[in-house]
Every structure is written in C-alpha cells, then in structure tokens.
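Each of the next two complexes has chain A plus one other chain: chain B in the first, chain C in the second.
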Partner chain A sequence: MVDLLPFLVSGLGIGAVYALSGVGLVVLYRSSGVLNFAFGALGAIGAYVAWSLLDEDWPQWLAWASAVGTAMVLSLAYGRLLAPRLSHRDPTIRSIGTLGFALIVMGFTEWYWGAQPRRLVLPTDAEALEFADVRLTYTRVLGLALALAMMAGIGLLLSRTRIGLKMRALANDRDLSALLGLRVLQVDTVAWVLSGAFAGVCGLLLANIVRLQATLLTFLVIPAFAAAIMGRLNSLPVTVAAGISIGVLEALAITVPGFAPYRTAVPFLVALAAILFFRSDARKA
Partner chain B sequence: MKHFIQRAMPVALGLAALSGAGWAQNVSCGLNNGKAATGEPLPIGAVVGKTGPDDFSSAAGAAAAYFKCVNANGGINGRPVEYIVADDQWNPETATQVASKLVKDRKVLAMAGNTSFVECGANAKMYAQEDVMVIAGVGVPRECFNAKNYAPINSGPRVSGTIAAIYAAKKYGAKKMVCIIPNIPSLGNWACEGPKEWGAKNGVVSETIVIDPGSADATSVMLQAASKKPDVIIMNVPKGILVPMLAAAEQQNLGKKIHFVSSAPAYNIEVPKAIGAYWKNNFDTNLEFQPLEGGGPDNKNWLALMDKYGNKSDPRDTFSQAGYLAARVVTEAMLKLDPKKIDRAAVSNALRAVSGFKSDILCKPFYVGNGNRHNANNSGPMATSTGTAWAIAPGGCMTADDPELADIRADEKKMGIK
Partner chain C sequence: MMSYEQTLSPSAAAGPGELQQALARAASEARRSWLTMLLLLSLLALALPWLANAYWIKSLISAMALAVAAAGVALLYGQLGLVTLCQHALLGAGGWVALRLSHGLQLPFELCVLAAGATSCLIGMLAGLPALRMKGLYLALVTLMMAGGFQVVISATGFPDGGEGWLGRVVGSERLMMARPALALSDAAYFRYVVICLALVLSLIELHRRTKAGRSWALIRRGEAAAVSAGVNILLYQTWAFGLAGFCAGVSGALLAGGVGQLDGRAFGAGDSVMTFALSVVGGVYHWLGPIIAGLLMRAVPSLLSDYNVSGFLADIFFGAALLHALITAPQGVAGQLVYGLTALRRRITGRPA
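Let's turn to the complex of A and B:
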C-alpha cells in the first residue's frame, strides 16, 4: 500500500500556486470580461527579471519588486494599448488577443535569456515545516497563505468597495457603464495592474517551486484555467479549492501505475469533467 | 543574436584561457598543406534539429569549421568538401524530406555530424537502402544506436547511464538504485534498462521511474524515488529538467541520505552553478567524451580550429567536440581514396573500414565496422560538482558493462579491437 500522505502534502504547495493563479484570472475576468492567456508569460518574464537582478547581487526585495513591477507594467501596457481596441469584439476574440500577447512575451523571454539552466532561489526555501516526512518549504506555505488571503481580499474588493462595483459594472456592460459616467480607463487600469501583480507574484513562486523556464511557466496557466473554470470564472473560494485539488491530484497521480508518466493531463481532465458536469447541471435547471 | 550570445557566452568565457592558448597553436586538419582545394566538390550532408525545442546544430557547426579548414589545406587530395546542412525542425516528416533531398537529389557521398532527436527513426532505413554511411555527432534515441548505416560518435544515454551506475556502485557501495527517465518515445525505459541489466548481473537492484517531463511537480517524483529507499538515484533527464529535480531533492534534503548521479546531459558548465552549493561533492555526472578543457593535442586542436574556422557564436560544447570528430573521421577515410574514383560506394566502404581512429577527446579509439548497429563509444570519465564547476573524478575512463552491448563486443572481437 502506497503511503499517499507525502504526495498529498507535496501537492499542497503547487496547488496553492495554481489557486493563486486562478484567483488572478478570475479577478480580471470579473472586472473586464477577458480570460488572460498571458498570465503565465507575464509571470515568467517577471521571474527572469528577478533572476537576472539576483545574479547581479541586487537586494532580494528589489528583485522581487522588479519582477512584480515588470509584470504589472506589461499587463497595464496591454490593458491600455491593445485591450480597449478589442473591447467591442466577441469575448473569445478578446481572450485570444491575450494569447497572441502571451506568445510574444514568451518568445522574447526565450530569445533574451536563452535555454541555459537557471534556478530562482528564494530565502523562504531555507526553512520548512515537516509533515509525513515531507518538508513543506516556507515558499509553499507562503503560496498557500497568499492564495487564501487574496481570495478573501479580492472577494472583499469586488463586493464591498466602490472600485469593485465599477469593475463588475464594466465587465457586465462596458458601453452602458461608460454612458452612466463610469471612468472606463481608470477601472481598466486597476484591473490590468491587479492582474499583472498577481501574475508577477505567481511567476516568482512558480519559478521557484516548479522551474525557471519560460515555456513551461507560460503554459502553467492551463491548470489555473481549470481551477477558474471549476469556479465558473466567478467564485473565488471554489477557484481556490479547485486549484489546490488539482495540485494534490497531480501529485497523487504519480502513485497510479501506468498513469504517472502522463499526469500533466490531470488539469485537462479536471476541466473537462467540470465542463461536462456544469452542462448537465445547466440542462437540469 | 542575443539568444546565441546568452548560450555561447558562458561557454566561451569558461574556455577563454584555452581559446587564448588556441591562438598560439597551429591548427591541424586534412592534408594540412596550406593550399586551397580547387577541384570538383565532394558533397557531404548533415541533418540536424536546429529549430524546435532546442538547437542541436552545434555538431554540424564544428563539422563545417573542420571542412572549411580541410578545404583551405588541400581538400580531399585536391577536391574541396561541399558541406550541406539541413534542419529537420524536430519534425520526423521534415527529417525524411530533407534527408531524401540530400541523399537522392544532392547525391551526398556520406553524412557527418548529424544530431537530431527525430531523424534516426525517420531515416535510418533509407540510409541503409541508399548505402549512405552516417557518422553522426550525437545520437540520443534508441534508433540512433540500432541502425546499420548510422554510427554516432557519442556513447548515448543508455551507455552513459550505465557508466554512472557502475561508478555509483564503486564509489558509494550502492546496492539499490532508482533510474529516472522521461517518457520520450524511443528513449523511455530503454536508457534506464542499461543500469538495470548491468545491476542484475552485479547484485545491484535498479528500478526505473518514467516521468512526464512536462509535469510541474518535481517534488513528487523525488518523493516517489526516495520512497523506494535507494542508495543512489540516477538522473537520466535533460539538464532543463535535472536542475528543478535536484532543487526539489534539496528542498526535501534528500542529498544527505541518497547519492545522486547523472548521465551525460548534466555535463554543462552552467549546471554546477545552477544547482548550487548543496550539491558540492555530492553530485556526479558521466561525460561522453574527455572534458572540454582537456589538455590533449586533439582537444586543443578542436578549440584552435573553432577559433580560426568556426563562427564566434558556435558553442564550444560536447556536441561541438562530436561534430569535429565526425568530420575528422569522414575526412581521414576519404583521404585514403583515389580522388578521381570517389563515389558513394567507395566512401561507404572506406567509412566501414575505419578502425583504430585515435583522439584524446575519446577514451578509446573509434571504429565503424560492418556491424548491424554501432556504439563504438562506450567509455567515459565521471565528474563531480564542486559547487561552481566540474572536477574530473579520479580513475579516468570507465567502460559500460551493459549486457546489451554483447553484439558490439562480438563485432569488436571480430575486428580485433580490445
């Protein structure tokens, strides 16, 4: 009998970052109606910036701030320069626009930093909590704490604050919101900057926990999408729970003989199952 | 360009001292007579995976530099080599198309420096049907070491992993090992079967864990490997996956309980720095050739030749060593032929007759022979991470005692090779 507990604990760390990424996706979707495929690519370029600065012996906090700042600036640039030009198009086209942006950012990152093996070390790696013979580094604990804190924080922002109300109004009907006097660009700015900040933080954590590789980090948006879909692109608590579950399931899948070499399929299977379940759910209703 | 600089600069800087020495050294190649070749060109081809997941054109870059040197030094008894390199884009269909063009349209006499993940499976049969010999630079999948007309200069992941296992058994007294390999077609279990089959004959148990290289979760792989309570974990994975896996092992502090060794992909000058001080004197890798900074005359000649005839952006890596050697093998075989009577059949026969080809880049003399498959390079040294670089382990070259090499050993015996 395989002891599943170590894999469960191990999956918690990665699941937390999937959850955090999922929250980042839902925030932008709920405030602008765009599914941001560039989320992973923005996080990746931020992580590479941090690595370069740390390699030059810059202070840790400055490297992290630069990583988050880079992702925020790029996200804002897209949100202010390109996204408004697509704002009257179909939601699918608006989302595919971010895929194009993701590929450009990923291509630049691959080109600029190349394929040499690199590792992003964070000070929180040094200490760990021990459960079931597994060390849960503070980086993973931080990811878990951030996912829960952001879920609560963003939930409050969207439901209890004026800017949150404006964001929801904009996502619901952009033209009507503008007619009512809502400052569309101001709200867009907040939404894209917030999404960029999430991407930057997730990029740093994922580059540390997973690996510093642009392509992989770019497409790690997929498990986050699966989590967001489970939350119907709306519910933050369900998104967080789904992100953590996907991480844990992916880790547990390694114990299944025959399936282990293909366990990256877990997020896809979860997303497919969710779509099927919701379809039948909708029909019943 | 920046990409090239990023990739090539660390290598170039790392070898700066040696390159400096290269300026002072006379470059040797072919007839070495300083006269430019002017006769009818002799077409030699190569298929490489340049564009795709990774750039595998370094061996062809070195072979091109070598042939350039040959052409400036008398060519093949007066005739220059026309070296034609085709990119298969890591696509088997493209690999078949470009190889057919080279072999059937351009009528190449032989191939030198091929390095591709997909072309062995796609083209090996055609090369045999058309009787074209391929002296490949670096072969990775199983098919590269199981074809009649395909002879790679390198030892391959199976032999390399087996040497790492033998070393680990000797150095650490290991009795139980776990070999980790990605689920890449034609690589999969095959590359870890070497340590397993060698272990079965030598009282060592080796289990294989096949992993999904795209998985974000390296920690679970390390935990699964550790749960089997091995003395040694053999990493048989590309360096891009190796680094995060060792990071995960470090986070679980596994390096203090289990010894880690690797097949050749870990031998990259960036790896010791990337994995960090935790692995100082605690992580060993096999090398398919002698070290890049080796002081032997042929290794020095390779570096000097690359400085004089290669592109500045060409990496000076193990792939480059292999391409240089492949071009040397083909050149020296063709130099034995009457320049007026050089055709494909003559070149193929001359290449099959290659035996006792010596270079200090290799542990043992290289040969081709008439066997059904080729794995002439089956020895290599080991190196240990010092935290910032690699230090060659004492004991020198080790030979893979892989049971799968029985037919190769039989061929060697027939050829009188010890």
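Let's turn to the complex of A and C:
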C-alpha cells in the first residue's frame, strides 16, 4: 500500500479541480436547469486574460481578479441575453445552447491568442507541502480547499438563504415561479454570475495544473461532467466526493500494468458505470 | 413529418374523401422530394469532379462521407428529439473495423463498409439503451462519456495501418493505405462512389420516415403514453433508430477511411463528436438536404477558409453562432431556410399562392 500513496496524493490535485468544476456545473443546473457546456471555455478565456495581463506586468491579484471577472461577465451575458430565449425549451436544448456559446468563446480565444500551448504560473506553485515523498504544491492544496469551501458555501446558499430558495423554485418551474412574483432575471443573474466565477477559478487552476490551451480546457469540462453525473446533477457533497475520487483513481490507474495509456478514460468509465445503477430520479417523468 | 401535419391538420376533419386526397398529396410530395434528392446528388456526382481540383475533390470526398454520419444524428434528433454526442466516436469505431478487415483479411471494400456499419449499429444500439429509461439530458451525457472514453482508447491504440497483431499497427515501416473499391480507384471515381453511398443511406432513411418506423417514431416523440396506447413497441423502434444512426456512422467511417487511406487516432476526440452534432443541427434535421449541408460545413467550409487564408478558428465562432441561431429561431436549420426560400421564389415566379 505504501507505494500507492504518492499516486493517491498527486491525484488529489486534479481531483479537486474536477470536484470544483462539478460543483460549478451542478449549481447552475440546480438553479436554472442548464448544464453549462461553456464552463471550460469560460475558464479558458479567463486564464488567457490573466496570462496577458501578467505578461504586461500587471499586479498579480488584479490579473487573477480579471480572469474570474471575465468569466463572470461572459457567463452573465449569455445568461441574460441568450439563455432566456431558450428558457421555455426542455433542459437538453437549453444545455445544447451553451454548446454554441462554448464554440464562440473557444473560437475567439484561439483566434486571438493562438493555439500554441502556454503555461500559467501561479504564486502558489513556489511553495509545496512534502507528503509521502510527493510535492503537493499549494496550488493543488488551494484547489482542494476551495472545492470543499465552495461546496459548503453553495450548499448553504441553496438550502438556507432566500435567494437559494428562489433559485431552486426557478429551476423547478420557471413559469410558475414568475407567476408567484419571483424576480426571474435577478435570480438568473445570481446563478450565472456564480457559475461564471466557478468557471474562472477552475480555468486558472487547470491552466496551471494541465496547460493553457483553449481547445484542451474547453473540452476538459467533459471529465468534470462525470463528477456532476455521479452527483446526479443535484447533490453537491456527492459531486465533490466523486470528483476527488475520480482524480485519485485516475492517478492510481498508472500503477495498473498495461492500463497506463488508458487511464484518462477513468472518469468516463466511472460515470458510465454509475449511470447503470441510477434509480428513479434520473428516469423519465 | 412536418408536411404530413401541415397538410392534414385542418382538412382531416372535413371528410374521408379529403383525407384520402391529403394523404395522396403528401405521398406525392414525399416522392417528389426523394426524386429531387437523387437528381441533386447525381448532378453533384457528375459536375463536381470536373470543376474541383485535386485538393478540393479530397475535401469533398470527406464532406460527403461525413454527411452520411450527419444523417444519423439528424435522424435521432429530428425524428425522436434525442441528442447523441458520440456520432464521431461511432464513426471512428466503424473506420477501425473497416481498416482492420481491409488490411488483415483483404476483404472487398463493400464488405468492409457493411461490417463497419453493422459494428457501429450494434454499439449505437447499446448506447441507446439508457435512453429507454432516462431523461433526454442523460442520454446526451451518456453518449458524451462514451465519446470521451473512445477518444482515450483510440488515441492510445491508433487505427490499423497494415501491421501485425490484433491492433494491426505498423512499427518502423511505412503505414499502408486502405484499398479502395476496384470500381473507384481514382479520386473522381471514389467521389462518385461516396455520393452513391450517401444517396443510398439517405433513401434508406427517407423510406423509414415514410413507413411504419417513421409513424412509430412520431408517436414516441409525442409522448410514451401516446405511443404505448397506439400499440407502438417502444423498445423495438427506439433501438431501431439508434441502430440505424449507428449504421450511418459506421458506413461514414469506412467511406472516410477509404477516401483518406488511413485515419488519425488524434482526430476522434469527444470535441469532434460534439461538433458533428452541432453542425448537423445547423444543417437541418428535418430534410435530406440538412446532412449534405452539415457535411459541407464540416469539411468544405474549413477548406474554403484556408483557401482565403482565414483562420479556421473564426469558423468555430461562426458555427457556435449558427447553432444558437438554429436552436433559437430556425429549428429547421439551413436546409429548412433554403427550402422555404426556394418555395417562396417559385411562388413569386408562378404567381400562385401556396
């Protein structure tokens, strides 16, 4: 068991980002019924903005804030301008709509910054925890802490606050909520801004842990979907647990002889296996 | 199905005679539409090899091969409202089988195409099973996970290229090209061959749409309760639709492999499957013209852009905007708008109201 420990620890970093992305996806799905395919693209453009600002010697905190801000503004723009035009359609179509948005954002990012991969260095890279002979950089620790904190925060927001109640009501039945006097646009704004903030943070972390490349980051949302699926697009704690376990399993898979080249398939295999065991809540009404 | 509803809705109540007339009118319209398709594809097959240069004819071969796969997506989305995001992965699976059989057993090209279609048909049916008991969104996710898994596997194993062993990979020496059919060795002839296959597949789908399968799909789409009460076997017809869509993908993969000669394992990412779906919707899912347009969007438009030195990434922006446009205001896609435009033009010329 001892020689598995390093892989376990190194899997925590990417697992945390899966968990964080999963939470970002579930929040929006629970509050607006949209599964955001543009999540990765928003994170990517945010990371590129940060990269450009750092390149021009802006202060670090301003660069990070602009990254998250960009993702939030774009997410809000889609949520307010385009999403309402699809709001009367079923969740599949509403989600596929974000795919169009993802293509637009990804196309713009690649066109403006070029397809060449870059590396985004975070100040938290410099220091690391030594744990079981593995360097766990503070970036990864930060990701893990953020995933847990965000899960708790969002969980409380949705279950305990007024706005959380409104978000759930809106996701449940948009027309009925509007009829009851809920301010639909206000709730939409909160949901899309929140989701955008998650996308921005995840984009920064992934651009650091993996690499900064628009297409790659855009479609890196797909393994994050696996975590969200495990949480049945509903449960935040399960999503976080699933995200972290998927990351760890993916890292552990290196040790299985002959499986190493296929290890990135772990999220998909896990999600497919989970779907087989789903019960009534995923079924048709 | 749109034409049936339009012709039948108000007049159906008027009496049995008028109903018969309306049905006959719809049937003749369907026949005319099918003949138009054959005519258009024959024109394409005859004219394009004369007009296009060597680079363009290769692009057009790929475009027409991909149109076959797009026809499968259009079938599932247009007839049943189901979103499948693994069509390009199924295409890759079909391509793998075709290449493996061609290199390993030297089977005739047609048999390779059919085997590829049958394999993808089976996988497609399996992928569709969860759809029988889950919400539409989960089907999109299941297929997306399958596409993601396929991406990992195929980029690790690659496609067979004439080597030894089960995977058929060449080590060290040059990669072999897939043998084309004896009838169509040149690019121009192979282009005609692909267009004929496309015509066959589109006709097969039209045939389904106009017969019992199409009626059953329409009922299933209306609601499962409606379908069950009308005596439709949901399991059979939904799985059938998935199988047919998978068959399209497999045939498309084999045709693409024959056109290019070999396939690249890195070109079958989950992103490509997502793109195939998006462009099929943009092309139009209710008309046979849609898949042809989708195929052109996937291969010919990027070639056109690189001819004019425009960045291919701008195409992504355009495709994204087109997808949103198709979802929000033009559910019939480019094909629907073209057909509508042509009908309006004909009316203006003949001066006859609809």
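We take it that the second predicted complex is superposed on the first by the 275 of 285 C-alpha atoms of A that agree within 3 Å, B and C clash if a C-alpha of one lies under 4 Å from a C-alpha of the other, contacts with A are read in each partner's own complex, and residues count from 1 in each chain.
To be clear about the criterion, a contact is a pair of C-beta atoms (placed from the backbone, for glycine too) under 8 Å apart; a residue touches a chain by one contact, two chains touch by 3 or more.
If you're wondering where the values come from, they're calculated on a predicted model, not measured in any experiment.
Answer with first, second, both or neither: which of chain B and chain C does A:240 touch in the superposed model?
neither
Let me test your reading of the model: by the given contact rule, A:110 touches which partner, first (chain B), second (chain C), both or neither?
Both: A:110 reaches chain B and chain C.
Using the touch definition from the top, say if A:204 reaches chain B (first), chain C (second), both or neither.
neither
Kindly classify A:268 by the partners it touches after superposition: chain B alone (first), chain C alone (second), both, or neither?
Touch partner of A:268: chain C, not chain B.
With the two structures laid over each other on chain A, which partner does A:85 touch: chain B (first), chain C (second), both, or neither?
The answer is second: A:85 touches chain C but not chain B.
Answer with first, second, both or neither: which of chain B and chain C does A:128 touch in the superposed model?
Touch partner of A:128: chain B, not chain C.
In the superposed arrangement, which partner chain does A:158 touch: chain B (first), chain C (second), both, or neither?
Touch partners of A:158: none, neither chain B nor chain C.
What is the contact status of A:6 with respect to chain B (first) and chain C (second): first, second, both, or neither?
A:6 contacts chain B only, not chain C.
Please report the chain A residues shared by its interface with chain B and its interface with chain C.
110-111, 115, 223, 261-262, 264
Which residues of chain C touch chain A in their complex?
81, 83, 130, 133-138, 140-142, 144-146, 148-149, 152-153, 156, 224, 269-271, 274-275, 277-278, 281, 311, 313-324, 327-328
Tell me, which parts of chain A touch chain C in their complex?
Residues 35, 37, 82, 85-86, 89-93, 95-97, 99-108, 110-111, 115, 215, 218-219, 222-223, 225-226, 229, 233, 261-262, 264-265, 267-269, 271-272, 275-276, 278, 282-285.
With touch defined as at the start, can you tell me which chain A residues reach chain B in the complex?
Those in contact with chain B are residues 2-3, 6-7, 10-11, 13-14, 110-119, 121, 125, 128, 134-135, 137, 206, 209-211, 213, 216, 220, 223, 247, 250-251, 254-255, 260-264.
Touching chain A in the complex: which residues of chain B?
The touching residues are 2-3, 6-7, 10, 54-55, 183, 209-212, 214-221, 223-224, 227, 239-244, 247, 251-253, 268, 270-271, 274-276.
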